[in-house]
Each structure stands twice: as structure tokens, then as C-alpha cells.
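Alright, structures below, take your time with them.
What follows is chain A paired twice: with chain B in the first complex and chain C in the second.
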Partner chain A sequence: MLIAPSLLLACGVIGYPFYEIVRLSLSEVSRFGQIRGFAGWDNFIRVATDPIFVDALIRTLVWTVTVVGGTILLSVPVALVLREDFFGRGLARTIIMLPWSIALSMAAIVWLWAFNADYGMINATLRQWGILAQPLQWMARPETAFPVEVAIGIIVSIPFTVTILLGGLSSIPGEIYEAARIDGARPWQSFAFMTLPMLRPFMNIAIVLNVIHVFNSFSIIWVMTQGGPDNRTHILVTYLYELSFYLGRPGPAAVVSLVVLAIVFSATAVYMWLREREG
Partner chain B sequence: MSRFWRSVLSWAVLSPLVVTTILPFAVMISTALKPHAEVLSYPPTWLPQHWAWENFAEMWEAVGFGQAAFNSVLIAVSATVLALLIAVPAAYAMSRLPMRGKGAYRQFLLVTQMLSPILLVLGLYRMVASIPFGDATMADTRLGVVIVYAAYHLAFAVWMLASYFSTIPSDLEEAAWIDGASRARAVISVFLPLALPAIAVTGIVTFVASWNEFTVALTLLRDPSRLTLPLKVVNLVAGRYSVEWNQVMAATLLATLPVAVVFTLLQRYLVTGLTLGAVK
Partner chain C sequence: MRQGWTWLAGAFTALAMVMPAKAETVRMTVSFYSAQTGPYYEKMAEEFHKANPSIDVKIEVVNWANLLQKLQTDISGGTNADLSIIGTRWLLDFVKDGIAEPLDPLMAPGFKERFIGPFIKPGTIGGKTYGLPVAASARAMFYNKAMLAKAGFPNGPKTWDEVIAAAEKIKADGGNGFGLMAKGTEVDVYLYYALWTHGGEVLDANQKAAFNSPAGVKALTMYKMMLDKGLTEAAPTNYTRDELQALFKQGRLGMMITGPFLMNQIAKEAPTLEYGVLPVPVGTNPATYAVTDSIVMFANSKVKTAAMKWLDFLFTPAPRIAFTKGEGFLPTTIEEAKDPAFTENERLKVFVSLLPNARFAPTVTGWEDTAKAVTDAVQSVYLGTSTPEAELNAAAAKANQSLGK
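Showing the complex of A and B:
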């Protein structure tokens, strides 16, 4: 069988860790990962009553909705413009695709420096324009740090989304616009009644795939704030990492893993259902 | 509307995004070329007063850039080769052979593609740490990272290869059989040469993904001599009081530029493959 090695490797490297996580979640585990005994639902109860977890869960929803929502809202007009024929379109497309090639961890570092309170370009520019009187400590306060992270999340998700939408737009035949114009349709009408409905399946797929990516997005927040200050920029995956490797609480960490897995599986189920429906 | 005005309007609509996209690159290049004193002066300027090319040499020493780049190349190349060795036969089977359970295998690939290592990171660490390797375990070895990367990129690779393979007409292989070639012979001398571009593109995507990966490397690697580039760069910043930003940016630039150039040149092919995989 030609597919056997692929099944073996994937099952091994996905299946075994999954088994370990289920086992850990039901066990009493020491800081160093030794299993001390069966714990029943203790870890689950501990996680459910942990205020940081509840906070991170809510913030994960906010993070996912704002990043994916912002990405789609920006990507649709960008894709529409990039479909038009204009001077320098190739250049514009190349620039907009650039963030795709950079590691998220590296992008996060460069942005961290750009938002540096004393010497960063953002504060300097805002002060030169007279918008800020005092340098703003962007990353030291959760009220500004988290929105900055959301904005970066949006920028790095745009290339992939625009690509999918452009693929969708190229499947719409140009003649129908011609026909609509002859029939007296105004540009906004052909957008609202033709482009948008035909783009719908591609938007759905872009939304679901983005939800899954963004939900799992660890590097940006980890590199920029590590969930701080005061645990107020944690999303589930960063909290899960901190629990596992910094706070030495593998049991609860395993429970958080399972929660995240359950959510990702539901999103995947929606995605598969969409694919089936769209054929 | 004339083409001129359409161009002006298009660029006007795109300009906020274009500016925000270019900004980090501008910051990176500008800081990488400034001497330390200039980096810490207010107000900062975009162009350095004194061009500090020596940043690169100093950074190379301070970071151990050469060793880290070697680790990154070694890990990314091995992971890519391993993933391709396993994915090419699987993709061939998917696109060419009648097979029972093809639908189930497809679903399996889809689900595994959705799982990012961060979800299972604790289990992954325990798994790698429980496999004996030499005197110790696979934890903190480059081989462990390679295996995990290959496993997580596999689904994507099979998916992308299979959708390319289906576009290669099977007539040529059939002609080869009629001329008396065995199935294996037909695959090697007729199918593989035709599939080479697809394999190359998939390989490059896998390479770039491994090159840029952060979470798994952060979890599995500890010894400074084994760290990959993203880890080295992040370590220059994380938890430090004084950060040599000009060196950090020089390192980021050097680690990013080759991949960004390759990626931009190949963008057209990648986009086709991705849309085939994601939408069809």
C-alpha cells in the first residue's frame, strides 16, 4: 500500500500525543510530568473554575471574531481592486502578498520594535504629527497591546484570504457583467446582486479556514506579550503553553488542550459540511 | 473611466494596506543599518546618518547566526525530503489508483491538516521525550523536530500533490504500458519527470513552512547549539533588559530575505496549487 507510511506517521505523531493528553487530563500529575494517580474530573473542575481560563476563553472568541471579521472586511475590497486592470497591479499584488513569506515570530518581533515606546517608529511618527503628546506604552498595557495584536493578526491573514477570493472572482465569467450593464444595472447593483452571491462559497471557505488558523495562532501573542501584562492578553493556546511549560501544571494544561481540540473539530466539521454542500 | 484614473483610484484604495505592509520591512531595513547609538536616539530617522554595515558581522558573531542557519537548513531540508518521500506515493495512489476507502483517507487528510501542533504540544513533548535516542531521548534533538514537521506537513503535501497529479494526463503512462513498460517503469520514466514541477513547488512550500516554524522548535529544542533561526532571534528579545535592536533587525532581515525572495518569485505557482487544494 502506497499510503501506508503516511497513515503510520500521521497516526503516530498525532494519535499518540492525543492519547497522552487524554491520559494527563484524567490524572494527578506532578510539576515534572510524573503521573501520580487517577484524578477523575479534578483537572476539569480546576480549569472550569480558573478565572484566567474563563477570561482566555472569552478573549479567544473576541480574538477570532475580530481578526477573521477584519480580515474578510478588508480582503473583499482588496480582491475586487486587484481584479481590475490598472498600472502596477503586479507590484501591488506582490506587496500585499509579502507578509505571507515571513515567519509570524519574526513579524511579531519587528512590530514589537516598531511599537517600542521610546524609540519605535510608530510613537515617533504619531508625535511628529502631533497626535500624541507623550510616548504611549503600547505593549505594557493590555488595553493597547491586545488591539495591536489583533491588527497584526489581520495583516498577516490578508494574503491567504485575498488569494482564495481572487480564485473565486476569476471563476465568475465577465460576460454576465456585460449583460447586466446592457440591461441597465448600476455598478453597485451588479456588485450586490451578482458578485457577492457568487463569491459567497469562497467567502465561507475563507472564513472557516481563517477561523481555524487564527484560533491556533500562537506566535504573535506569545512573542509580543506572552499573555501578559497581568494575564490579560492570553488566548487559549498561549495559556495552554504557559500552563504546560512555565507554570508546571500539565494536568490542567491537558484539559485546556482538549477544549481547544473540541472547538477546532467543530470548526472542521462545519468546513467539511460546506465543502460537501458547495460540491 | 480611463485606465489612468482607474489606476489612481485603485492605488488610493490599496494605499493604507500597502503602507502597513511595507512598514515592518522599512523598519527592519532601516534599523539593521544603523549604529547602536543612532537606534537609541530621538527622534528616529528612516535613513541612517552613518551606514552601519558592520551590524551584520557583529550580529553573526553574537547570535551564532551561522550555526543557527545551518540548523534551520538541516531541519527544513530533512523535513521536506521526509515529507515528500512519504507524500509522493500516497498522492500517486490518490490520483491514479482505484482504491477502497479513498473518501475516508481524504477526510483523514483534511482533519489532520486542521490540527496545528500547538494543540497537542504537551503530548508531543512527552512522546518525543519518551523515545530513547542515543544516550538520552529524542527531546532536544533535531531529528525529533524533523519527524514532527514532516508529520504535520504531510496532509498538506499529499493534498497539493494529488491535485496537481490529477491534472497530468494518464494517456502517456498508458502508452508506455502498451509499449511493454512495467507499471513501475512507466511511473519512473514517464510520470515522475512530468510531476517534477509539482513536487518542487510542494517541496518549497514545505521548506518555507518548516523554516518559519516556531512553536514546535521552541518546545523541543533547548541546547543553544541546536536552535533554529526564529528561536535565536526571539531569544535576543525575550526577557532581556537591553536589546541590541540593530542586531536583532539585521538577524531578522538575513533570516527573512532569502525566503521572501523565493516565495515572491514562485507566488504564481503557489497560488494555483493552494486554490486547487483549498477550494476544489
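Showing the complex of A and C:
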């Protein structure tokens, strides 16, 4: 009874936008949000038959899997190194964490400059090393632009993931390694059979939180390529933005956001379930 | 005692003079054209306030890329300003939803006649004036004099054949010949230059997509051929208009088509660059693209008369000349066009001379979708995924769906 007011508030805060989105998705809506009539499933059919949407949906999955996968693969060794006590560890930790303090869109702008074909730092370095003879137009083709965006997605996700993993590592008592060493375990064995299993719950949380975050990551792709060229770097959120604000179609945009909502909701459900299981 | 009464009466009179009946605030959303846009409007608002102490004008500058999104959000929430600058091609959407106020009943006699005919026409829908042209520009070809002289065209190329011949020479010298843009806004328009000058049209008389005509295919095939032969900069899909203009300012690009604002930029950033301005190259006929931005008044404004008074002031010669000169646009009112700043500028004259053959974006719903479909087609042809004909046909089908045909 005592929580009723806050429960009501929470329901209103969550429920009203949801109601609006559902209403928009079923209506014929003008650019400025005026509802012109009931559209039935028209918006849904229009979105489902749009090849750009289907492409973006697949690309969103590729984007999420590669960014999160790459982040975890890189974060584990980084966290392991940062756990060791070495000279300058504080500095190294700070450097690893630094990208976290920069707004995502700012980071994306800086990287866009770095990858500029004519005066970008990346091309200049590669040419100095003799790897490239001609400047490479990174952002001109989706085949190069998208991997670059994935790489940046990984870089900006590392700090958060390393933080979680470091927390996990510090919860593993040092004595068991000593015991393992006395029993003759090699370093890789103690990593594979002790560190990894004991890190698993933290890994799971890192993966799920990253999935939710990366899935909705808008700034990197929007700043660097706006989903182009030829719509071939769109993920769902950038496509949603373009639909709503560039093409002025709030109806179909509402449908896309329902799809996004459904996917994020299932990811969240998995997260809740994992937490429950780990108690 | 009597003295006291006089004093009090005097105090009231003074108060009445300081605080006029009721101060009205006119809010205006302004797009960011350059660093001078904001200061210009602030200054005008101050001058206007001096002459009309009862009206306060509040200016809000918004980046062009975010303008439509901001207006959309503001309007949906009912928090929009009283006036705003918009792209004239968006106007129909505003009018259809009853968001824009027809200005004719508010205008002083003779106000509408101040404007140059072709520029006010796109702001008129169904016989009513909704948008006042605040900025106008046309497109022409800029060429680097040194590079073109070396290529054997000291006066610049006049036809597409000459452009190609010149670009071949420039390429042999290791330079970038003709600038193609295939990223960001106006990628579609860049194709239309070649389409129009080959006798094509974007939409036919029934507002149906017509850019996939033989002229359109020819235009896109020509660009693609130039790209394949290396007559353009490498990878046009990496170049927005600004990035191409940057190349041109650095003296690393032979030719490009863009608006008069590049002249202001060159004067400021690359004053030593020797360049000329020519009409858009001709295929079978001359053509160019002209574009206006308009000021609209929102129907939900509560200070319409005051807002119109401010507009009236903005469209008097002195404020107009200051604005148009500062931003590097074309004059939109008859009086300002007589200023020597415009009549004695040889390069600007080229732009003005193109106006009789200029095309404006048609006021149809679905124009943004058409632009997007054509942009996608151009990009996939440049990336080599498909042929011009197939892509343009696919784009036409998409555009027709949005155009309601």
C-alpha cells in the first residue's frame, strides 16, 4: 500500500510513452505528429517490407555481437594485466579508463578526424610505415567504414568492461593461485580452470549490460557515416532516427522503436534471469 | 502638499514612459548559416527594439542539420517560437498540417511587391503567401584558374565535354579534376545538374518521378565514367559539399559546382586563390538549381501583428543588404539588388544571370524521400554495386511510392 504512489508514478512514466508509441505505430501520422487517421497494420507492413530495415536489423545483430565479443576478448587480458602489481599501474589504469570520460559523440568526431583520408592521423601513420602507398578512403565504402566503427565501438566499451572484470578479479582470493602453483599448475592452466570459471558471473553481467548499451549505440555510427553510404552502415537506431527526423515519418519510426524495445526487453530479461540464477 | 501631488503625477508619467502598456515578445528561430548569423540577428533585434520599444525580439540560433528535428519536436510539444527560418521545400508539410500562418492579411500594402518574383513564388501555396524568402542562392561552377589554364582552358570549361577534356589533362598532371560529392545533403542535386543540362526533369508534369529518363541515365553514367577514369577526386562517397569545398580552397581541386557562399569562404580562408565562376556546364541546354529559405509564422503565435512588424523591418533594404552581403547569398528583394555590392561583383553576376534557367525544388510531399532515393542510387552506382539504369529505376519506384503516384 505504501509503495502504491511510486508504483503508479513508475507505471505512468513507463506506460505513457509506450502507449504513445503504440498509438503512433497504428496511425497515419504527419511529420509534426498530427494523427491523420487509423492506419491499422500499414506501418508494420511498410517497415517489414523495407529492405533497408531488414538489412539494418541484421547489421544490428552483427554490430552487437562483434562489438561486445571484441570488447570481452580484449578486456580480459587488459584486466589481467592491470591486476598485476607493476610500476606505473595507476597510470596504466588511468589511461585505460580515460576514453570513458569523453562523451561518445565527441570521441566519434575525434576518430572521424583520425580516419580522414587526406589529413587523418591513421593514414599518415600507415603511409609513414610504408604500409599504404595511397591514402585509404576509410569512410567512403561500407566495407571499410563499418569495421572501423566496430573497432571504435570496442575501444569505447573497454573501460566499462575492464572495471567490471577488475572487480571480479579482486574477489578471487590470491591463496588459491598459490595452492595451484604448489600442485604444479601452469599459468595458463590456472587461468583456464580457475580465473575464467570464477570470473564467469562478472563476464555474464558485462556481456548483457554491453549488449543493451551497444545495441542502442547511436553516436558512433551517426557521427561517422549517418548510416551511409548507400544505407550500408545503418543499425536500427540510426535508421529510426533517419525515418523520424529526416524523412518525417513518425508512424513507421514508431514501429521500428517497438522492435528495438522488444529486443532490448528480451536482453534485459536475460540479464534479470542471470542475476536471479547467480543470486 | 500641492508639491507632493505634482511629484506623484510626475512619477506616474515617468513610469508610464518607462513601462509601455504591455511589452510583447516575438521569438524567432534562426538557422546557423555562418558565425555571423547570430550576431546579425541580435543586432537587428536591438535596432528594432529601439524603434519599437514595446516589442522585444528573442533570437534562437539552431544548426541547419538539426533545425527540422528541433522544429518537429517543438511543434509536437507546442513550444515553438513565433517565427522560424525553414527550408522552403519543407513548407508544404507545414501548410498541410495548418502550422504555418498565411501572411497576406498581415502584410502592409506593397510589402509583397518588395520581393523578386521567382524567389517569393516557392513560398506561395494555393494563392496564399506562407514563406518569405530570407536567403536565396543558385549554383554555378567554380574553377581553379591556374589548374584550368594549364589544362588548356584559361577561361574555364563551358560544356561537359570540355569539363571531361580538362579533367583528363589535370589528371595527367596528378591533380583532381572535377569534384563529385556523394555524401551528405544535395547529393541528389549534384546529379540533377547533369540531368537538367541534358534535357531531363526530376519530376514530370504529374509530379511523378522522371529522373530515370534517358537523360538521367546519361547523367549518372557520365559521372560514373569520370569517376572510373580517375577524373574526379578519389572516393566521392567520402566527400560532403563542405569537404569538396575544403579541397577547392586548398587549391587541390580543378572544378566543382556549388553556391555563392563559397566566394565568402575563399575571401576569408584562401584570399590568394585564383578562381573563376561559370555557369553549370551545358550538355544540350543550360540549367542550374536555385534554392530559397523562408521565414514562416506559426499559426499558434499570440503576437502575430508584432511579429509581422519585425518581418517588415527585416525586409527593408538596409537590414537585407547587411544580411545578404554578410552571408554571401543572392538578394531577394528588388531594392537590395540595386546595391553596388551586388551589381558590381562580377562573380555574383554570374549567379544572378543563371536565374532565368534555374529550377527550384518543387513543393510536393515526398521530396525528401525522393532526394534520399536518388542519393542512395548515386552512392550504390559509385560503389560499383549496380548500374545507373537499374538503380535509377529502383529509386523512381521508391520515390513514386512516397510521392503518392
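The rule is simple: the second predicted complex is superposed on the first by the 265 of 279 C-alpha atoms of A that agree within 3 Å, B and C clash if a C-alpha of one lies under 4 Å from a C-alpha of the other, contacts with A are read in each partner's own complex, and residues count from 1 in each chain.
Simple rule for what comes next: a contact is a pair of C-beta atoms (placed from the backbone, for glycine too) under 8 Å apart; a residue touches a chain by one contact, two chains touch by 3 or more.
Fair warning: this is a prediction, and the values are worked out from it, not measured in the lab.
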Chain B versus chain C as contact partner of A:141, first or second or both or neither: second
Chain B versus chain C as contact partner of A:176, first or second or both or neither: neither
Winner by number of chain A residues touched, once chain B and chain C are compared: B
Partner chain in contact with A:117 - chain B first, chain C second, else both or neither: second
Which superposed partner A:61 touches (first chain B, second chain C, both, neither): neither
Partner chain(s) touched by A:33 [first = chain B, second = chain C, both, neither]: both
Touching partner for A:245 - first (chain B), second (chain C), both, neither: both
Which of chain B and chain C A:88 touches, first, second, both or neither: first
Common interface positions of chain A, toward chain B and toward chain C: 33, 118, 226, 245
Complex contact set, residues of chain A against chain C: 30-34, 117-118, 134-135, 137-142, 226, 228-231, 245-248
Touch list for chain B against partner chain A, complex: 3-4, 6-7, 10-11, 13-14, 17-18, 20-25, 27-28, 30-31, 39-44, 46, 86-87, 89-90, 92-94, 97, 99, 105, 107-108, 110-112, 114-116, 118-127, 147-148, 150-152, 154-155, 158, 208, 211-215, 219, 230, 233-234, 237-238, 245, 248-249, 252, 255-256, 259-260, 262-264, 267, 271, 274-275, 278-279
Residue ranges of chain C in contact with chain A within the complex: 68-69, 72, 75-76, 93-94, 96-97, 99, 182-184, 234-238, 247, 368-369, 372, 376, 379-380, 382-383, 385
Residue numbers on chain A that touch chain B, as the complex places them: 1-3, 5-7, 9-10, 12-14, 16-21, 24, 33, 74, 77-78, 81-82, 84-89, 92, 94-107, 109-114, 116, 118-121, 124, 127-128, 155, 158, 160, 163-164, 166-168, 202, 205, 209, 212-213, 216, 218-219, 223, 226, 237, 240-241, 244-245, 250, 253-254, 257, 260-261, 264-265, 267-268, 271-272
